[in-house]
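Just below sit the structures, each encoded as structure tokens.
In what comes next, chain A is part of two complexes: it sits with chain B in the first one and with chain C in the second one.
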Partner chain A sequence: MISNLINRKIFTLLKVQYSNMLEYRVEIALWAISGIIPFFMLNIWTNNNLNESINISDTLLSRYFLCAFFVRQFSVVWVVFSFEEDSLMGKVSPYLIQPLNPFFRYFAQHLAEQITRFPFALIIAFFFFIFNPESIWIPNLGILLLSIVSTFLSFLIQFLIQSIVACLCFWTEKASSIERLLFIPTLFLSGLLAPVVSFPAYVKSWIYLTPFPYLIDFPANLLSGNETNISGGLIMQILWILILFPLFKKIWSEGTKKYTAMGS
Partner chain B sequence: MVQNIIDVKNLSKSFDISSKEPGLKGTIKHFFKRQTKSLKVIKDISFEIKEGEIVGFLGANGAGKTTILKMLCGLIYPSEGSILVSGYLPFRRKENFLKNITLIMGQKQQLIWDLPPIESFYLNASIYDLDKFEAKKRIKKLSEMLEIDEELYIPVRKLSLGQRMKSELLAALIHEPNILFLDEPTLGLDINAQRNLRKFLQKYNKETNATICLTSHYMKDITSLCKRVICVHEGAISYDGKLDLLLKKLSPVKEILIVCRSEEDAIKLENSGFTVKNKIKNEITIKIENKSITSSLKTILNNFDIEDLFINEPPIDEVIGKVLIKKDYDI
Partner chain C sequence: MNLRKYLKVYKKFLHTSLASELEYKTNILVDLITAILSLVGSIFLLSIFFQNNGYIGGWKFEQALIIQAIYTILNGITNTWFNPNLTEIVKHIREGTLDFVLLKPIDSQFFISLKKINPSGFLEIMLGFLLLFFCIRINQINLNLSFLTLSFITISCSICILYSLWFFISTTTIWFVKTWNAIEVLRSFLYIGRFPLSSFSFTLRIFFSVFIPIAFITTIPSEVFLGLSVFWKILLEIIVATIFLINSRKFWLFALKFYSSASS
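Let's look at the complex of A and B:
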């Protein structure tokens, strides 16, 4: 019953946010294009034959970076910036006195944006295959489904991390600066610039204890068919969600006590 | 007996405010060591509001009216004291409490900017667990009351301020709350839009017996909606009671402009013992105490040859203005 109600709220939120996102389709197309860092990295890797050092073929590497692009497209999160602005401008006040946590709104916004992004990401992938026909592959249905689940879990982890940082707005007002600090390890340790397997062994053992490799590296390896510990990766993703969710709830409940409803 | 729906006891609120000296030296000092001090913006206030009442909160800018409303609706946490609204502690923001209240802030919007208001209405309806049929019924009813129709289907960004405010009201009332917190709802609206909004609020109060707490700098909002006012001065309550009592207390005299048939009559009237404010030819303005107005007018009409007579109420803004700068009004 309760879950039905929440689902109905989320579904309506999603519908409304999707209509809203369609108003910004050009911007979303540009955002999708702006996420092509993995293709630049692929170029650097193949031109310098760096893949030989980690025993990955050109084909597998290009598939990895294409998948990294896809995973990034569907797990990109900006909630800290939205919440910071809404909080500073007092826009969050009306949402706080509604019987739905305002973060559900941001969550639906992100999902709606991902749905809007999907066709643009497909077009970019189409062009990628035109230029790299040897990379064309069809993942089996089971792997495809697990990759979708893993990408969604990656999105959840990032959403929770940023939501926790966003709640720091209640204390610092400029929480996005803290997020910028987190962007550096996200960029280097998530697998966006290089597969985590390419890191030295002693660094890798530490990296796998952080949430970062489960944001892009794990789902991208899973989808591209590279060797990866599927159950271990999924368990780690779920574990991070189980750690981050109560942390978010705690910081949210403490933070709202500090809320001063500035700008309203 | 009408129940208290809002019960506030010894409520206080403090904010930590950081201050900075001007200039480069001040900036550097501020960077290394922040000077913060606790500022008590609400000071030990107590009041009760009964179900169905419309209460106006009056006060100068920064007096603390909006902070009181924010605490009443659970938006901010009180530092000391207790608040019970409809039997709930507002800050706990229990679902049943939130379904009972609404907060409308003039110039602040919850409608989605790029979509027509109707989308936000259905969204709010689902947030408040209304099914589509019920939502449709309420949207129809409220849009008729607010006299909006086509505007529901036009993107919010293309609506005028008045149309937007009406849509904001509809979005905020779709769950039919029992308690309305309105923070300057007519801010920026033209005279007609202000009047329509007031008419709507009166009608809503009459039809649903909703309790309304209102702050406004437009005295017309207060005088046409509120029988009771709570005056806030520097975070403390300086007056809590009936508006007409306050007005009588603050303006115990009325000004009467009398047009006499001749200047001689005006001179005679001038010397008859009334307090004269001014006299120009055959027109004379006198001040009469409210309590003796009937007998004084009878005397004037019986003893002088009067062509015309006007009774002037003192401007309400001027009268209320006195409240905003005084600490205590004992009526």
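Let's look at the complex of A and C:
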């Protein structure tokens, strides 16, 4: 009964948000294009033969960066910015009255955006294969499913981290600058610009304990067929979600007590 | 007399926007940490590239650092002036408040490009200069008058090109209303400016010098610093910068003809 209700709510939210997102196709296409940095990085790597020193062939490296692009496309999160705007405009108050945590709304928004984004990402991949025909490959079904799961887990980790930061809006109004700060380690350590295997040893010794390599490097390695510890990676992803979720619940309940309805 | 009027107005702009930005003091601190981390991150990335290679696209590590320094300075300028103002254009057009700007007895492009200022960008500019001085020392560059003039000219041209690029995209808002995603695309392309142009493949090099002249923005000033610059390149940069500036002006005046206000 209860699960049925939740299902219906989530389904309705998704449907509403999907039709909302379809209105902004051009914007989402532009978002997709703005994620092509991994391809520029690939160009630097292969053009200077940098991959020889880390023992990854050209083909595997180009697959890695393509997968990094894909994983990034489906794990982009912007809760902080939405929540900050809603909180500054006083839109959070009506959401709080509803018998549904407002973050479900944002969650549905993100999922709907990903569905809208999918065809654009495929088009970009298509162009990538035209320029790099030798890197075409078909991952087997098991690996494909596992990498979809791990991409989703990566999305969940980032969604939880950003939701925690977003809750800081209850205290400081401008939480987005904290998010911009957190984005820097995500950018450089997640494997978006360089695969984690290429990092110097003094970084590799501690980086696997942080959530960063599991955001892009792990799912991308998995999907592209590069060497990676599958079970270890998935366990670490789930572990981080288990750590972050209670933290989010705690800060949410503290924050809503502190809430003073801005803009009304 | 006209110039004096504009200077006086600009002083007022500075005063009001500084006063409002300084309301968020912790924000400025967070932004400073972000700027430092982002510089550390990109030097880290650069060090990965140079791990087993002495040269990237013919540049040594110490020389490539100059590009990072110039990029940081320009990024600081972008964050101080271009970003806060030109994202405001989108808001003006969406909410129809551009009417008020157009009615003022002052040049609308001047008003719209310089109204706001974000003081945390200053820290990034200073950070860039610190790195630049460090680079001048480790590369043993002799400071003399002709060198200083040349570097001043090239960096000013870079600023003009950068401004025009931002302004072009923001102006298109008059037709497309919501183009802040296009700004994200520009941002991701500008990221290329962190690396020497010669480290990319031939097609990308052509693309980044003809279609989006990012090549001119950081590589040519850095070459001036290293004494590698050729006269025609500097001349070309001056020409490109002039063309961009004049066209940004023309484009703005052209676009205004199509402005039909919102909600009226």
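Definition applied: the second predicted complex is superposed on the first by the 264 of 264 C-alpha atoms of A that agree within 3 Å, B and C clash if a C-alpha of one lies under 4 Å from a C-alpha of the other, contacts with A are read in each partner's own complex, and residues count from 1 in each chain.
Operating definition for what follows: contacts are C-beta pairs under 8 Å (C-beta built on N, C-alpha and C of every residue); 3 or more make two chains touch, one makes a residue touch a chain.
Note that this is a predicted model, so its numbers are computed, not measured.
Using the contact criterion defined above for the overlaid structures, shared-chain residue A:L50 touches chain C, although it does not reach chain B. Of the two partners chain B and chain C, it is C that touches the larger number of chain A residues. Contact with chain B, but none with chain C, is seen for A:L13 once the two complexes are overlaid on the shared chain.
In the overlay built on the shared chain, the residue A:L242 is in contact with neither chain B nor chain C.
Of the two partner chains placed by the overlay, only chain C lies in contact with A:P200; chain B stays clear of it. In the superposition on chain A, A:I136 makes contact with neither chain B nor chain C. Overlap of the chain B and chain C interfaces on chain A: residues 24.
Against chain C, in their complex, chain A makes its touches with residues 24, 26-27, 30-31, 33-37, 40, 43-44, 46-50, 52-53, 172-174, 177-178, 180-181, 184-185, 187-188, 193-194, 198-200, 203. Those residues of chain C that touch chain A in the shared complex are 24, 26-27, 30-31, 33-34, 37-38, 41-42, 44-45, 47-49, 51-53, 56-57, 176, 178, 181-182, 184-185, 187-188, 191-192, 195, 199-201, 204. For chain A in complex with chain B, the touching residues are 5, 8-9, 11-13, 16, 19-20, 23-24, 90-91, 93-100, 256-261, 264. Interface residues of chain B facing chain A in the complex, by the touch rule stated above, are 15, 70, 73-77, 91, 93, 95, 98-99, 101-103, 105, 108-110, 112, 114-115, 119-120, 122-124, 126-129, 172, 183.
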